[in-house]
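So, here's a batch of structures to check.
Shared between the two complexes below is chain A, which pairs with chain B and chain C, respectively.
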Partner chain A sequence: ALGQQTRNMATLKEIQTRLKSITNISKITASMKMIASTKTTRAQRAMNVARVYGKTSGDLVEQAGVQKAESANELLITVSSDKGLCGGIHSSLARQSRKYLAEHPEAPLVVLGDKAKMQLQRAYPQNIKSSFNQIGATIPTFEESSEIASTVLNDKDVVFDNAKLMYNKFVSAIAFETSAMEFYPISQIVESPNFKAYEFQEDVLTNLNEFLFANSLHWALVEGHAAEMAAKRTAMENATKNAGDIINRLTLQYNRGRQAVITNELIDIITGASAL
Partner chain B sequence: TRLYASEAAGVPVGKLVVNFALPHESVMANKEVHQVDMSAVSGDLGVLADHVPTIEQLKPGVLDFIGDSGSQKYFVSGGFAIMNPNSVLNINAVEAFKLEDIDPQAVAANLAESQRLAASAKDELTKEAAAIEIELYESLQSALAGRAK
Partner chain C sequence: MTFAWRTAGMNYLQYSSIAARALRRVVKSELKTEIAKREGVSVKYAKWTNGKAGASAPVAIIETRPQAEN
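Entry: the complex of A and B
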């Protein structure tokens, strides 16, 4: 290419080093893509089941026709994870969470996962009431979801009626959408228009409230995990492709450089010989 | 206190549709059955089509689904069963296993272990946890015995 410095032995060595390093990186990203691909398949299977479980649990709210109370306290729960290299997963969650908090500056915030916590701590440190980590390495189990639910419900610093679960909805293997899942407390369900049709023992209502909360959280965690695995796969695929493009470009550069060096050597030899 | 329905049901649907979901498995989805017998905190009950809408917390015990092909029994760890006005019965349980998949000897062994733990426990939390385990294993034993009859 015009305007480029003349290739000599030293710059050829540099290109060789770069090539070696980028080839290694592309091997790593390619294997990460394979791993993420397997994890996505499993995570999607778990998500499909969790969706059925969550929808069954949420049917009561649908049938009762629950309305959010006017002056209700709402808790924001950001369902993220500890793991990176997954494209825009965490920044999208952080952006939507910041948008909500800008509109509701007094809202309490619970963050699940270190990645979103890092991003939200800078802008809204005073809203963060509690956070959880050790999330994202494996498919969330109901035991983990109910433990988080239990801790949040028993936390005296976190007072809330409704909850908004900000999570990433799995749209397809290449697309996710940050969405909000609504949680309605049993106190609002009991007030709803169609609830008069139901018979129940009053003493199970508190348990039902906790159960519904854990079920919603579980759905959000499992679906969020599936969205993250798919995004990681895409990110690693793009990284491998980009690395491949750089390798091609550098290889061409290297070969042209090598030929230029050989040509110059030949010219030196020939001019030297003809001078004799 | 038990609160009763103050609104009468609408037009009867005529069939009982069941959704039985676990966090890790969808056991039944939109399945039509005749009757579901369950062990609730408020007592045992059987649900038929167009049963009055009700919210029941499930005890660890047997869920019996009676349909055209006979009865299928599951032992559930606990959860909620909600009968809706549209004759749809939604059951969310945490764990459920078919009775035939449960090993009676393992149950007996675990029960003995829990009883030993309850007797030797020093703190309240361990004692309570052991008591819950004993209740579970005794319930399992009577469920398995009932099946053997």
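Entry: the complex of A and C
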């Protein structure tokens, strides 16, 4: 009986240690949730602004009635980030990207963000033309999107007409949806029936093409960032809730264990006393 | 009618970046704190060849002369 008591004491110590560490974890996840909440509100505001610019390019394409050329080269750009602890954000992007690459095995790939890069370099390393990181810590500025777009456009090894931007669309504070944004080059917009009616200077069109590309990329980056912050908030909220559940369960177990030890000690004492 | 900056080797995005930077430099000091966040690119870029990543380097920005002290 003494041996069992010591063993129970040891288990009690273990439970106590676990309780302490889980309480710490729940404090950390709770504070991470707070931070992610504030970041989400700010990111959402930036997203609404970026959407206006992005929608304008979208409207242009729609009004012109653009058709994708049959033999067009399409570039896949996966817009993710470097940071984790945000639920299914990165794996969803990687899954959709892999699906696209399975259907278009020759397509060039540009990856934004380390998390997606790690997943995609395992499956399709030969398709990757370039990767960018140090993304996702702050709300993307147009300067950043512009630099990324400029680097991709200047890259001689990446030849593309159309681009598909795989990003996470912000559906609501608790839901996101991985979607593909289409980018149509100016060469295709110019061939569209409604555009053909007008005269244009070649140079201005090249400028517009570059600007539209940066615009689309910026929209994908900002909306992706907002979706990620919201997902992080939800993930941290769930983590805190789960930690709380474990704390309750362990506390009950601890108390029951403690009471068992006391009861056993009492039994020993009483049996000992009655033997006298 | 080719733009001068295009002949010099810049693309439209680099050109508008420089113009935006110049504009930010002449903003009055009270508003400078607000707009400082829009500058400062720290994105890193790595070129991949044959399934292997090359060295990572900061994205190329065209440096402009720092603002002259009055």
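Note that the second predicted complex is superposed on the first by the 266 of 276 C-alpha atoms of A that agree within 3 Å, B and C clash if a C-alpha of one lies under 4 Å from a C-alpha of the other, contacts with A are read in each partner's own complex, and residues count from 1 in each chain.
We adopt the following convention: a contact is a pair of C-beta atoms (placed from the backbone, for glycine too) under 8 Å apart; a residue touches a chain by one contact, two chains touch by 3 or more.
Small disclaimer: the values here were computed from a predicted structure and weren't measured.
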Mind working out whether A:Ala46 is in touch with chain B, chain C, both or neither, as first, second, both or neither?
first
Inset, instruction - Examine A:Asn154 and indicate which partner it touches, taking first as chain B and second as chain C; both and neither are also allowed. - result: second
### Task
Mind working out whether A:Ile128 is in touch with chain B, chain C, both or neither, as first, second, both or neither?
second
Margin query: Let me test your reading of the model: by the given contact rule, A:Thr56 touches which partner, first (chain B), second (chain C), both or neither?
Written below: first
* Asked: Looking at the overlay, does A:Phe142 come into contact with chain B only (first), chain C only (second), both, or neither?
  -> both
Q.
Applying the document's definition of touch, where does A:Phe200 land relative to chain B and chain C: first, second, both, or neither?
A. first
Scan A:Phe211 for contacts with chain B and chain C and give back first, second, both or neither. both
Interface residues of chain A shared by chain B and chain C, listed 141-142, 201, 207, 211
Listed in rising order, chain B residues that touch chain A in their complex are 1-7, 9, 19, 21-26, 29, 41-42, 52-57, 79-80, 82, 84-86, 88, 90-92, 94
In the complex, chain C touches chain A at residues 1-3, 6, 11-14, 16-17, 20, 37-48, 50-53, 56, 59-61
Touching chain C in the complex, chain A uses residues 121, 125-126, 128-135, 138, 141-144, 146-151, 153-155, 157, 201, 203, 206-207, 210-211, 214
Within their complex, chain A touches chain B through residues 46, 49-50, 52-53, 56-57, 59-60, 63, 141-142, 145, 194, 196-202, 204, 207-208, 211, 215, 218
